[in-house]
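Given below, in the form of structure tokens, are the structures.
Presented sequentially are two complexes of chain A, the first with chain B as partner and the second with chain C.
Let's turn to the complex of A and B:
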């Protein structure tokens, strides 16, 4: 009985005695029965040994004799690479993670330690590089997102194998909100200056900016989405008004506009 | 039902007449395994082995739909169809599984478990018993969360280290 066989390789089993017998091979994905002559070698084809795992060989004539052996994964032939998230704000610690599993050509998990190289780059600029040895067939990393909005390329490689993923980095929360405004016949028009995060990236369209207008007879609030970097709103107010602005937890400047003449 | 839910709540242990599963998730890294996830793994791993045993005992593919996916499902389907051709069946009884979660991905989308399984294995050819064995086997298992359950994607027996 072979001690161990590499997936996809042929194997032979020796028998003793004489006469006809029935040979059974039972393993992951295979249950085979065939007639054999005792005293001759039994050849097991590689296609019956593609799945890593335990195999039971039985030879039955008057009685049955059994033996077991393991098939182990062949050399890595592909990488399964999971990366999260697909979209991430810039400048966030531990925000990007990746997990890689090496598999052989028969989709068996390769459990012998292999060194997988993880590389992150924004355009041509490398951001992160680490070589990690697999433990129990898995290697992983976790790192901060970059500082600039745009595509983050994430690569895992093992010898001549590689797997590429992409993460879209977007601006973080708005920073230094500033507004300007003016009175018009039907109220007040206010708008932000281009809204950036603290690293200078323009925040994505759809980011909500809240304008609050306080005048003597009450307070009103308007939510407006950022469009092409700027959020605008029209507020109905006739008296002297103080307009403030906020987005998320970030506050901007206050704007004082006099009463309608 | 209430008793069953309570039993799950107080300990990480699930059992029926055929399949017992225990899970130790304390060493899982880099993400800690939440209690609800632990219960889900116990429930779904146990169900998967019951389904596998049923599929291989009566040579039918139906029980494999649901608890298995990807490579594990393909391998088990091959096993069943191969048994159908050869007239063989395998019977797994008195199963106990000692599961240890060794890796839980940072985002919770894949878990690696090591199972020390014990069971009685009976092989039959055309209804005639040809082999009985008490088996102790070690498995490396990859599970991923599906829409409503955890599914087994890889089930690979390995020699005891």
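Let's turn to the complex of A and C:
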């Protein structure tokens, strides 16, 4: 009985005695029955040993004799690579993680330790490189997100195999939110300066900025999206007005605009 | 003996049918309140009857007869009158029907009367009540309703440049490699939560923010848990939330648990669900002149004007308001639908009622406007 067989390889089992017998092979996803002659070698085809795991070989004539052997995964043929998240704000620690699984050509997880190389790059600029040995068929990394918004290329390689993923690094919360405004005949127009995060990345268009204008006889608010880096709103207010600004849970400056002359 | 039960059932059914035939007027005995019915009297000798005739014809959409019941002193035309009652531009009113009404006299003399009417509308978003005051005059021996001028919004022709901004969603095929094209759900967070008992039951409310850089379709669920750790009930925010949140947008939410009392509740489990959704950054609706005032019925009401800053018609606007106490804690969330369409660059008033028990606590508020446009998917 072989101690270990590589998935997809043929295997032989020697028998003793004489006469006809019935051979049974039971394994993960496999069940075979065949007639054999005792005293001859039993040849097991490679296609019956594609799935890694424990196998039971059983030979029965007058009595039954059995043995077990283990089929191990073949050499890695495919690298499955999961990266999380798909979007990440810049400047967050332990924000990007990746996990790689080497599989053989029969989709068996390769449990023998293999060294997988992880590389992260923003554009052409390499940010991170680490070689990690698989444990129980898994290798992983965790790292901080970069400082600049944009595409983060994440690559995992093992020998001649590689898998590429991309993470979108996005601007973090707005920082130093500042507004300017002026009176127009039908009210006031207020707009932000270009909205950036604290690392200087422009926040994505569509980010909502809330303008609140308070005057003696009431309050007006407008939820305006950032377009081309700037959010703009028109507010009906004729008296002296204090305009404040916020985006999400971040507050900006206050602006005082005098009453309509 | 075996015929006793059928006979009783027949008699009870006959009595119930008889009661139903007597109509709502006979079953309601509230003094001074006239309820809407299909009874039409050709000659309205009382203000109540005149108003009832008018509203019954509005209910039946019998416009010619309705206009005939209007005083000659009215300064509205037939087209404006019809549009006022049937809506236009795909507004909520145009999908609604006047289900009933109750009128109450405010002031009556020999020649003039002031009536207050509570109108009950059936709409796609549920029943809506509207209160209107009507002025009636006696012309000869007949009472007629004086209709005020109906302002039909008229938008001048113009070109409004818009930097169009929207998000589309592309989903991968089933044959994609595992993990190769996954896109995470948007990251949203509940930033405040408060549970209170109200007259109708327990209410869980607060605010939720989309912290991501992509739009999110958001739903907030709450589960009431008793002292033994068992779930008593779970409910969702349903329409008491702005479901589509753009990046960094904050929305109030309210979850109602009718007929539940918080004294039986040990814990509330919150769960916010967010998924990717195609969305547009337009139209932008400003909320102008927000002010809390008492209305004619003595109720505290948040008034304001919705101003459509874009170049497209908003068919139905939904106003959701979070009210805060002096510690900036959300003490109530209320909402209301605007039944008229918001035309481009035009305003329309809105009003949201604050419960009497909450009104004294309210120090500030935050209004968000959800909108539905028929030309949007």
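Definition applied: the second predicted complex is superposed on the first by the 261 of 261 C-alpha atoms of A that agree within 3 Å, B and C clash if a C-alpha of one lies under 4 Å from a C-alpha of the other, contacts with A are read in each partner's own complex, and residues count from 1 in each chain.
Heads up, the rule we're going with is that a contact is a pair of C-beta atoms (placed from the backbone, for glycine too) under 8 Å apart; a residue touches a chain by one contact, two chains touch by 3 or more.
Computed from a prediction, not measured in an experiment: that's the story for all the values here.
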For A:82, decide between first (touching chain B), second (touching chain C), both and neither. both
For A:228, is the partner it touches chain B (first), chain C (second), both, or none of the two (neither)? second
What is the contact status of A:191 with respect to chain B (first) and chain C (second): first, second, both, or neither? neither
Please work out whether A:165 is in contact with chain B alone, chain C alone, both, or neither, and reply first, second, both or neither. second
So, does A:107 touch the first partner chain B, the second partner chain C, both, or neither? first
Tell me the contact category for A:33 with respect to chain B and chain C: first, second, both or neither. first
First (chain B), second (chain C), both or neither touched by A:249: second
What residues on chain A does chain C touch that chain B touches too? 82, 84-85
Which part of chain A faces chain B closely enough to touch in the complex? 4, 22, 24, 26, 28-33, 51-54, 56, 58, 60, 64, 66, 70, 72, 82, 84-85, 97, 99, 101, 107-109, 111, 135-138, 140, 142
Chain C-touching residues of chain A, taken from the complex the two chains share: 80-87, 163, 165, 170-171, 173-174, 203-210, 217-225, 227-228, 233-236, 247-249
Considering only the defined contacts, which chain B positions touch chain A in the complex? 30, 71, 74-76, 78-79, 82-83, 85-88, 90, 102-103, 105-107, 109-110, 112, 114, 123, 125, 130-131, 133, 137, 140, 142, 154-159
For a test of understanding, state which residues of chain C touch chain A in their complex under the given definition. 163, 165, 167, 177-180, 182-184, 191, 209-215, 246-250, 281-282, 284-291, 304-305, 307, 309, 347, 366-369
